[in-house]
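To keep things simple, chains are lettered A, B, C, D and E as they appear, and every chain counts its residues starting from 1.
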Amino acid sequence: MAPILVARKVTKRFGGLVAVNELDFEIEEHAIASVIGPNGAGKTTFFNCITGFYVPEEGVIEFEGKEIQGLRPDKITTMGIARTYQNIRLFGKMSAIENVMVGMHPRLSLHWWDAVIHTPAFVRQERKVLRRAWELLDYIGLTDWANHQANSLPYGAQRRLEIARALASEPKLLLLDEPTAGMNPQETAEMIEFIRKLRDDWNLTILLIEHDMKVVMTISEKITVLDFGTKIAEGKPEEIQRNPRVIEAYLGRGAASGLSAAEAPAQAA
Amino acid sequence: MNQWQRRLEYWRRRYDITDVVVWLFGLAILAVAVYGTVRSLQTTTYDSKRWAQFVVYGISQGGVYALIALGYTLVYGILFMINFAHGEIFMFGAFGALFTALALDKAGYWNGHPVLSLIIVLLVAMTTSSVIAVLVERVAYRPLRKAPRLVPLITAIGASFTLQYTARSFFGSGLRAFPEMDMLKGSVSVFGLDIGKSHALTIVVSLLMMAGLYWYVQKTKTGKAMRAVAENKDVAALMGIDVDQIIVRTFILGASMAGVAGVLYSLIFFQVKFFMGFVPGIKAFTAAVLGGIGNIPGAMLGGYFLGIFESLGPALILEGLGIPAPSQLKDVIAFTMLVMVLIFRPTGILGEAVSEKRA
Amino acid sequence: MSKKHWLIVLALVAMLALALAACGGKAEEAPATEAPKEEMATEAPKEEATEEATEEAAAEVTCEDEWGCIEIAPDEPIQIGVMQVLSGGAANYGEAGLGGVKVAQSERPEVLGHKVDLVVEDSQCNAEGGQIAAQKLTSNDKIVGIIGANCSSACTPAAQIVTDANMFMISNSCTAPALTAPDTHKLGFLRTVYNDAYQGAVVAEFVYNILGLKKMATIHDGTPYPQQLQEVACQRFTELGGECVAQEAINPDDTDMRPVLTRIAEKQPEVLFFPLYPEAGGHVARQAKEVEGFENVVLVGADGLKVEKFLEAAGDAAIGMWFTGPEVPQNEEYAKKYVEVNGSEPPAPFGEQAYDAYNIILDAIEKVAIKKADGGLLIPRKALLDALYATKDYQGLTGTLSANEYGDFTSPETTKIVIYQAEKVDGKLDFVPKYVYFNGEFTEVK
Amino acid sequence: MNPIWRSTLKAGLLTGAIVIYVALTGMVLSLSQRPVIGKLSLGHVVYMLVFVGMGYITAVRSPWRQERPWLVPLQGAVVGGVGAAILALLPLIGRKVDLGWMFVTAKPELYKFLLFNQEQVARGVLYLILTGAVLGGVAAVLPILPEVLHKALLGGASTTLLLGVLAELVQRTVLKKVLGPFFAYKGLKPTGAAILFVVLTVLFGLQAWWRQKHPKVTKSVAAQEAEAASPLRTTLQLGALLLFLLILPVWILNKDTYLNSVVNLVGLYIIMGLGLNIVVGFAGLLDLGYVAFFAIGAYTVALMTSLGPLGHGYSFWQALPVAILLALTAGVVLGIPVLRMRGDYLAIVTLGFGEIIRILANSDWLKPFMGGALGVLDIPKPKIGNWVLKEEYQLYYLILAGILVTWFVASRLYHSRVGRAWQALREDEDVAEAMGIHLVTTKLLAFGFGAAFSGLSGAIFAAKVGSVYPHTFNLIISINVLSLIIVGGIGSLPGVVVGALALVGLPELLREFSEYRMLFYGIALIAMMLVKPEGFWPKRLKVYPRPQEEDAEASAL
Amino acid sequence: MALLELHNVHAYYGNIHALKGISLTVDEGEIVTLIGANGAGKTTTLRVITMLLPPREGTVTLNGEDLSQYRTHEIVLKGVSMVPEGRGVFARLTVLENLELGAYTRNDPSGIAEDLERVFTLFPRLKERQGQAAGTLSGGEQQMLAIGRALMSRPRILLLDEPSMGLAPILVESIFDIIQEINRQGTTILLVEQNALMALQIAHRGYVLRTGEIVLADTAENLRNNEMVQKTYLGME
């Protein structure tokens, strides 16, 4: 399969600090891949470079063969990349369903004058928007919360709503920034399942940043490890787990061993 | 690709037509300003001494702006709210100074012991301003600290009206004359320029106050607590900092600056009136934003910048364009300059650069 | 919550009232189509005065005025509208005007056995303030006439409204020439304050002929009064053969005048005419002493500055400065009374003009009002206005006042313009009259 | 001392401070000429209300309300008495020391008035303290009464008083037909007041009783969803409202010029508010220079239609679209450079823009074209055929039409892709951009619409007033409009109307308070925000019903 | 007597009933941990103890003294110190200034200097970076700073809110080591943790919260062996 996203020698600096350093990266279509690394290793910065929040000083990022580095975020989203955020960033004062409707923005085409005179096309489109929004909420199981203010939702529901909002833009590549942060093991297990299902139902490619090693090891087909903005390892989960540089810089011996112990039952299930 | 092509590519991708329009807009204004300046320099007959005088006038007016702007910036830095009533706090400071000065004058102290009198007047003005500021904080701001951002802005506007018209009811609607001080009559000569003594005093005092304020905020325990409260009130409270008290102290500090400004203003302009806080208030707000709101040296710089531009602008830029009565348009210059600065530095002269967004 | 409650009750009451009104209409056996007409009649007694009223009064006196009459019941006061600017930066003018009216009222609280009651409105210093205040006052059919307003921007729309309502207003401080120019004058507008057109010309003549100076600079503050005054002065000055080297402008709230003065100094004028208000004028006078090039420039102000407040604001810088102003005899008594009634000194000029307006209105009422047997009054509107226009040689605080056909109570023929100079008299700054201008001639005051 | 008594005493001191403030502002004396009920003047009311209010508040907050209710009125009496005693200090000191050099309002008349015109000072002071104590005590009785009685008396008394204060309003409207006999020349007759009080108290009592029996329940979201699916009730309510609006100027306000003029002014502010609401409420861009577009609209109509020397002789209807278009253009032109600024930077730049427009209109430079300080005069009224919209009640319909159009546009935009984009922008600009929203066009659209609405309002304003002056277009208007949308409830369309009524309508009705109008306005702004920080009619989430199955099929076809 | 005791505490966010009658005790010298899912009320409990969210009902006592009469900054004087969730360092202040603010309530310069030394020995990295703005530190360093800062007030009891959140596994271990070390030096600790596995390893006792109520209270060891805990919070099935 062809890679859907390719990054070549991407470098991003903040003042004197090199946040991402000549990073090469690829992700196959329909894959689930993870980026891990210690705090401040440049993971989120890399995400921001992909989605257009940051402009890398050097390097090329290609999405479906088109260069996207330096484009504005709205253009990139329209091309088919959507994301969620480390610390949930919903439109808090809008209702859940409105959040999803905003997500559909790049897929809608009609203008303000259509809205003012309610042209038949507009009425049709709005009806479709509403139906799809309800469908999406159905999919993530939030219909009961549809008309509630987004920031009054429980934590887990907010995480899912953020994903629904991202899905609404009909992305091909979905970036998830720590999707299981703050969840207990049970919820985490559910989220893992959900991400897999997501990929299959929507034919997505998923790239995630995660700290929870259990999640990363269970779900990823490929893992990239960053440290100080540089890629120090890349490969399948088992390879990464054994990689001495990764253990030294990131996992620590205890965690590495504890991980395999804890991993056993999870895999058994 | 070489460096230059890369740059070009970057710009092409990042910016679109509206950005170009903005720059063209800015450049057009700049071009007009430059043209006007060149024409002015060619056609008018001001000698270098005159130009220098414009600058000196601007600095002394700017000093007053700067002192008021400091109050705006201090409060903004901690509460992230525009204290619209700050101009009125300045006005009350001036009234406090006025009544003290009148009393001293009556008793013969005003010209008998000028330095002592000045100190007394300064203290009274600072106290008056502080009392008003604390009152406003307590009644109009504190209960709304957790409300949406625009709500305290409206109560601030309400407080501004209330204070203004309270002063009007209490002290009358006409101007009150501030007593002259013999000590401050005449001028001193600096680098061959005559500067009025009261103006020189304004420049010196405003610089001293600002330096003192900077030191206070950076070095003292309270100053550090202020900065901590500015960043995160809950965490600051967890350090054992009484957040309410620190906010009150901030208001007092800002109000004291306004009180000093009130005295200096009265010493230069000799008039005290209920409406006097409005225009300087707006100007100081402008100055604070110009310098980068929340930033102490920025407020100072913004104040001087604004003062100088107001003073110099009409003669330097507009006169050459053949515009009649250009002094009337000094605020147009001031605000246009503000737009220009913000187009190219969206967070003010010394504001933190947020050229790239955080996600 | 409780607020909502009484809103609901109010709405209920309103509905009840509507229903009653509808029923009432029927009960009076008036055909439904005529009901609105009747209402109109009660609302503003225009040509057809209230029918019942006419019938009742028919026994003794009837109102034959073509604009209708104001009916005053025996124990009812006579109401006079006062619209002055009472908020905003120019509030001191309104306060002075209102103070002047109050002094007059305290001296003459009754006319024809009826108390005089003031209905005060804030007309602000802008068009919609003037409009709303005028609308409010004119729609009260008990109000006889209006004293005010202050700013020409408030007077212009008000004049139209007042005229349309068959009422009148006597302004105490709107000096704009357009208000009483033949082609723009509105019938209901009169003023006890003088017309700027005249005063400006006198300034030019004084500077050119008496002071013998040939280069004049002017400053105005972008409000109608100073702008027009300096315009007229410059025009006349140029006609006389002088030169207006600079016509500068500032904003009323400006404080730092040194930059503009510096720019003017460069033009080397011999005289600076700045017909401003005390605040800005004070700054100009003081700061002119600090700016190089102004050492020998003669300063001239107009009546806006010929007030105590300006001397306070300018201090010793005012010494030697010239002022023009219509002859307002120094009235110690008025000044004393003002403090007595209002508790403070007048914060601005134009109180005397308001004082005179009050008395002129009362005199006119005395002339035209019809007494009823029960002690009530009928005041015919048209006759009242005619009586105002017929005012001749009224001896007021501000001099001898006679109305012309365009509503000006002052005129070059009746009003003397006095030229004052600020001097120290017994250690205290004061305005000392030096020349009097009358009928095209200056006479020195000894 | 018992802490409760200590806090009561503190409340008394506060009361004293407030009444002294009220007295020193001079309103007590200058409003003493205006009767409210019988001999009770507005001057009395303004300071006595402080005793009543503080007594009432003390009682409501009193911890003794349940356990020892008999002590509560005593508390109220102490609060009022102490307050009055402190107020009594003012004349006592003032008679000895001249306070006039500082406070212009501290004059002998005030002292005399406060001491009930008594020759003997001691007796006056005694009366004053007694008055305070009695008023405070009586007010403190209310909260310990049963709820229905409490609400009935409170409602009856406050409404009666309000009617007395707003006597003029009553006498100018259709209400006069019913309530007329209760009113004297100014204010209520004592007997009238008594009757009104009884009737109103009974009415309020019935209403409170009804409420108690049928407490209001907040509807569940599910119920709202069901309701949204069948909007019959809303349609009926809208119809009734429209009918009311149509008959308002003629039948309810009796074609009264003044009241209609106030209503029209409110209407113009509503149009502006609806526009600014798009900019600030929907899109979250703080604009303090909104008056600029109002001025542009007004000047366009003025210059195009004026019959004076500056005019060009077009008709109002020709000028109107031009005015809107010019304002819109100005909005976009201003919008472009300020787009990249956020929050308070935007605020000050827009403020500057507003000032620039005003100063330019006033300048000598543009005087030959715009009239400078002397403004543009002789603006004709709009004509439809031969029918001239001359009177205020006629202009009302023009303004009403303007409001309906702007409301319609604003509401439709809000519930569309654009409206959602604005809201997203307001909530989080970065994320909004990452949701595919083009920031520049979206912001420009908001600015453009806001400006166009304001231009419309300005155009009608010019025709209504008949003359425009640069001084009119000052910062206060921008501040007013901003305040009204926040007081009403930011982002809420009905909130704009409520806000305009509260902040434009009420001050106009209080015009007779003249110099204290702005003071009340300021205090009201603070008070309203303290009581209801979310606004009087906060925005409610729109409820989206789940589409019916048929719907789904229909659209699938 | 317990050092810290909560008795039947109810707390609300607006209308949301966040804590429904929590009672717990922390004895002198203990490490006690609160575990539970997100939204269970762990952080809320800490906010109640520091009066950032005063309880509507129930009592919080420290050494028998009722804390609800005090405001947050006064609680610190009583010897309670909290490391907030997400670290909450003052990003624009330097490391040293952050630490100095930790000692805001104290007035003994020599004692402060002593404690500063102690923090620097505990976290040598902080000493290297003391002049640097705290915002430029890495996540792990910020966590160290936050803990060090909390220690500067010489607390009797230290409240830690999710110290391992968002940290690399390698850092999590060392942070927990340090927490144990601090406890050994005599500071009582109340630890709120998502990472129940680690928390129960170092704690003496633990409470399990679910939707605002305490559902289990036991020694750490017993909790580790509890089936429900293993299933829900330790991820073992």
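FYI, a contact is a pair of C-beta atoms (placed from the backbone, for glycine too) under 8 Å apart; a residue touches a chain by one contact, two chains touch by 3 or more.
Please read all numbers here as calculations on a predicted model, not as lab measurements.
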{"item": "Common touching chains of chain E and chain C", "value": "B"}
{"item": "Smallest count of steps, each to a touching chain, taking chain B to chain E", "value": "1"}
{"item": "Interface with more contacting C-beta pairs, comparing A-D to C-D", "value": "C-D"}
{"item": "By mean Cα position, the chain sitting nearest the middle", "value": "D"}
{"item": "Chain centre separation (chain B, chain D; CA means) in Å", "value": "31"}
{"item": "Distance between the centres, which are taken as Cα means, of chain B and chain A, whole angstrom", "value": "46"}
{"item": "Whole-Å gap between the CA centroids of chain D and chain E", "value": "49"}
{"item": "Chain B and chain C: spacing of chain centres that average the CA atoms, whole Å", "value": "38"}
{"item": "Junction residues of chain B, two or more chains touched", "value": "16, 165, 168, 172, 324-325, 328, 331, 357-359"}
{"item": "Shared interface positions of chain A, touching two or more other chains", "value": "51, 53, 72, 85"}
{"item": "Residues of chain E touching at least two other chains", "value": "none"}
{"item": "Residues of chain B that touch chain C when the two form their complex", "value": "44-46, 50, 53-54, 57-58, 61, 165, 168, 172-177, 180, 187, 194, 196, 265, 268-271, 273, 275, 278-279, 310-312, 314-315, 319, 324-325, 327-328, 330-331"}
{"item": "In the complex with chain A, residue positions of chain E that touch it", "value": "36-39, 138-140, 165-173, 194, 196-197, 231-237"}
{"item": "Contact set on chain D toward chain C in their complex", "value": "33, 100, 104-107, 109, 151, 154-155, 158-159, 162, 172, 174-175, 177-179, 185, 200, 203-204, 207-208, 250-252, 254-259, 261-262, 265, 359, 362-364, 372-375, 377, 392, 461, 464-472, 508, 511-512, 514-515, 517-518"}
{"item": "Interfacial residue positions of chain D with respect to chain A in the complex", "value": "221, 224-225, 408-409, 412-413, 415-421, 423-424, 427-428, 430-439, 445, 541-544, 546-547, 551-552, 555"}
{"item": "Residue ranges of chain E in contact with chain B within the complex", "value": "50, 52, 71-74, 76-77, 81-82, 84, 88, 90-93, 97, 100-102, 104-105, 149-150, 153"}
